[in-house]
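In structure tokens below, several structures.
The two complexes that follow have chain A in common; it is paired with chain B in the first and with chain C in the second.
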Partner chain A sequence: MQDKLREIVRKMLSDGDIEYFVGYCQGSEAHRIVPCFVTEESEVEKLVWGPLCLQNLSKYVLRTRDLDGKVGVLVKGCDARALVELIKQHQLERDDFVVVGVACEGQVDPRKLERELGVPLEQVGGIEDGGDEFLVHVGEETRKVAKEAVLRDKCFFCKHPPSFDCDYTVGEPEPFTIESDRSEFAGVEELEELPLEERRAFWRKQFERCIRCNACREVCYACYCTECLFDRNVPRWLDRPPLLEENEIYHLIRAVHLAGRCIDCGECERVCPVGIPLSRLYKKVQKDIAELFDYQAGMELETVPPLVNFDLDDQDPFL
Partner chain B sequence: MAVHDTESGGNGFEPKILVFACNWCSYAGADLAGVSRLQMPANCRVIRVMCSARVRPEFVITALSKGLDGVLVLGCHPGDCHYSEGNYFTRRRGLLLQKLLQYVGIEPERFQVRWISASEGAKFAETIGQVTDQIKALGPNRSQNGMQPAEPGDS
Partner chain C sequence: MEKKKITKADVTRWLDQIAEKYELIGPTEDEDVVQFRPVNSGAELTLDYANSLIPPKSLFFPQVEGLFSFQKRGKEIELEEAGPLERDRVVVGIRKCDVESLSLLDRVFLDDVEDALYKERRERTALIALACPTPPRASCFCTSFGIDPLSPKGSDILLTDVGEVYLVDVVTEKGEQLVAVAESLFSKVTEKEAQDLQPPPVEMPELDLSELREKLETLWEDGYWEKLSLPCLGCGICTYVCPTCHCFDISDVGSETDGVRYRCWDSCMYNDFALMTSGVNPRPTKRERIRNRYFHKFSAFPSRYGTNYACVGCARCLVHCPGGVEITEVIKDILAKEGVSEG
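Coming up: the complex of A and B.
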């Protein structure tokens, strides 16, 4: 698949279809795959594809909006949902970029993998896909790890936008399926059932750890505002120093800003240096939107986002 | 219309409640309540907005997190919006926000939305009374992270 990918990119670059290609390349260690930008045919060999290609590259397409020439991007099915939303939110035009869809057989959660292997990730020499399991090279040996144990949470509920057409495909991108008894909103429901006091205590404990590094915002595909309201001076929503008591404001405002736009790519939670379960917060809003307004972000280009839309017969508890 | 005793409620706790009232209906309703000399508890601070849809969720989140005891958003009845459809957006947002706030441990009574028309002075007074009573019963807002609760009676 990697070869097919390189071949497609090489052809696009030599034909002049694109100026840039955003893909993945090997990072500083074997288990680190990082985004990379290919502009020359000679660089095409850098491109890789595998179960550790975690980043949602659609964010980088946004950053190339002002460049001359088209940009090509490699997307997994879940990342295509981000592109759908960005087109819908008038941030991108479909004609401005070339999409290479890739068949994804599930992505590895590095934290889970480390726990499962019992050895530091630095010792991992590479991961291959082996159907129901991942083949992990550790030192000399190859260890088989069941997918169920190390998959990213979102991969259990893989959803592709059905009407989104890729310009090229590598393999056949189909939603990944795995047998498991998990339910998508289990984490949210578990919290919902707790008494109010305990929920408050739970979130206070989580928010207290936030160091306001803004990584969740920077990595989020939906955070494309040229000036974030948290960075504004007038009005100043948050104090300049990252005050502990304002962490709650930060996270709740982020949650409402993502309402109807969060595609659950899980990047925020992955990059959080202190491990705040952010998906559990954003998924609550997703769940409510699905229940109340029957809407799922990133699936269809035609549907109107729920918060810029209304129905005369919406539920009205406010009479 | 109920007459409310400002001295009632546990431990003489006087909540601070922020009210956003839409210019065209609810603010006029408040005005009517005023000129009709209806009795209301004095715990509310009213901010006039051009439409209930002007109230960004950020306003509510920040107010509650900074220590206000309750936020009440008042708008025209659905269908009566001066801007035709503003309050329909408020309705969707309000519903979502209320659920989100509950999820992080803020009582649903602390953030409420009500529809009050320009002629409903009595309903305005009644709503203010009801909400004040509910929040008094809840006690001070402790949603904020390590901040001191608003001082009773502090204005």
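Coming up: the complex of A and C.
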């Protein structure tokens, strides 16, 4: 698959179709795959693909707005949902960028993998797909790790936007499936059953350790505002010091702003250095939007997001 | 310098006794994250660890601290300054890179204008450092900056894990006082025994940084910074987990008549960091911001304070960068540059 990918990118660059391609390449340790920006044909060989290509690269496509040419990008099905939303939210035109869709067999959650292996990730020498399991090289050994144990949470409920056309495909991108008795909103339901005070206590414990590095915001495909309200000082919506009350407000405002737009890419939780289970918060927002409006973000280009929709016949008594 | 040893079980007892006299702070694990926190007993600590997420600089220069509170009544303004530390403090488990970072922060907060809060915390805190394990983490590169991860320099006591026991270097008078808290738990080691127990030097991949500054300073306009900035998301992780970053912002929380003036960490990676009231931003894009970070570490700080570099090779930024920017790769790229490219 890597060869096919490299071939496609090489051709796009030599034909002058794109200014650069955003894909993945190897970081300084085997387990660390990092985004890379390929401008020269000579760099194409750096491109890799595998179960540790975690980043949602769609965010990087926004830069195409500042360029004369196009950006090419490699997307997993889940990431394509961000592109659908960026078009729907009028941030990008479909013709602004070139999409290479890739067949994904599930992505590894590094924190789960480390726990499962019982050794630091830096000892992982490589990882390959093996159907229901991953083959993980640790030192001289190859250890078989069940996908069920180490997949990113979102991979259990993989969704692709069915109507989104990729310009190129590597493999046959289709939603990944795995046999599992997990239910998508179990984590939210568990919290919903708690009394209000306990629910609050749960989140306060999480937000207490937030260092407000803004990584969850910066990595979010939907945070494209030129000036974020959190950064405004006249008026000041949020105080700068990361005190608990401010952190709570920060996360709640983000969650509400993402209602109807969150595509469950899980990037906020992945990048959080202090391990706040943000996906659980955003799952709640997704669940509410699904229940109230029967809507899932990022699935079709044609439907109108519920929170920007206006209907004169709306019977909601609140209005 | 005197050498002693203490069994691992006795270290916990010793720390228990320290906790009775001092505020004891050390690495603890909660929700899979290791952080320095105050504890009441030695058993709460996680001494078998690589390093903390947030460096212990936060114990001297906290992410948030109230400088004073204010109350305005008519024309009268009452100010109440932050009080002194309640007790002297003992920080246990600090790694050598972080000890070294404090000597760099000392230059910022104690040279010229003294920062009273920082000064008090430094003077009233003893450091029980923990020598690094062999092998170290794969990403560590402190030796490139001439730091020896087994050296007691800068700490009051150094503990070296040699299996069943810790080898104990008592470095300063403060260190002697801490040993005196439970002298009977320690036993003397002869010079010969100490030599036998001492682990071999820690080996890690070393970068030759002798030409780094000179080379970097030719690259201000290089196209490299634009390319380097592409994966950068503009979050503040690299600066918040950095043991030598020290920029802060001051803001009032409360109302105009009643509130607290806080100092909290700021990050040069943020868009509004250099933004001026006029609306001018001298570092308008990520290119200028990321360039600033590396120039500050490897050129501006050394030039101002006459130090080697303002990085201690802890690799926290490398490990936690969500965009995959790796400082060791940046250094290698700079060193490999021949002339300036447009990019």
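Just so it is clear, the second predicted complex is superposed on the first by the 309 of 319 C-alpha atoms of A that agree within 3 Å, B and C clash if a C-alpha of one lies under 4 Å from a C-alpha of the other, contacts with A are read in each partner's own complex, and residues count from 1 in each chain.
The definition used in the following text is that a residue touches a chain if its C-beta (ideal position, glycine included) is under 8 Å from a C-beta of that chain, and two chains touch if they have at least 3 such contacts.
Just so you know, these numbers come straight off a predicted model, no measurement behind them.
Contacts of A:305 after superposition: neither chain B nor chain C is touched.
Contact with neither chain B nor chain C is seen for A:171 once the two complexes are overlaid on the shared chain.
Once the two complexes are overlaid on the shared chain, A:197 sits against chain B while remaining clear of chain C. When the two structures are aligned on the shared chain, A:215 is found in touch with chain C, with no touch to chain B. In the superposed pair of complexes, A:120 makes contact with chain C only, with no contact to chain B.
Interface residues of chain A, counted against chain C in their complex, comprise 20, 27-29, 32-37, 39, 55, 59-60, 63, 111, 120, 122, 209, 211-215, 217-219, 231, 239-243, 267, 270-271, 273-275. Residues of chain B touching chain A in their complex: 57-58, 61-62, 65-66, 78-79, 85, 88-89, 91-97, 99-107, 112-115, 142-147. Chain A makes touch with chain B in their complex at residues 188, 191-192, 196-204, 207-208, 229, 237, 244-249, 252-253, 255-256, 259, 281, 284-285, 288-289, 292-293, 306-312, 314-319.
Those residues of chain C lying in contact with chain A across their complex are 30-33, 35, 50, 53-54, 63-64, 137-139, 227, 230-231, 233-237, 240-241, 249, 251, 253, 262, 264, 267, 270-272, 318, 320, 322-326, 328-329.
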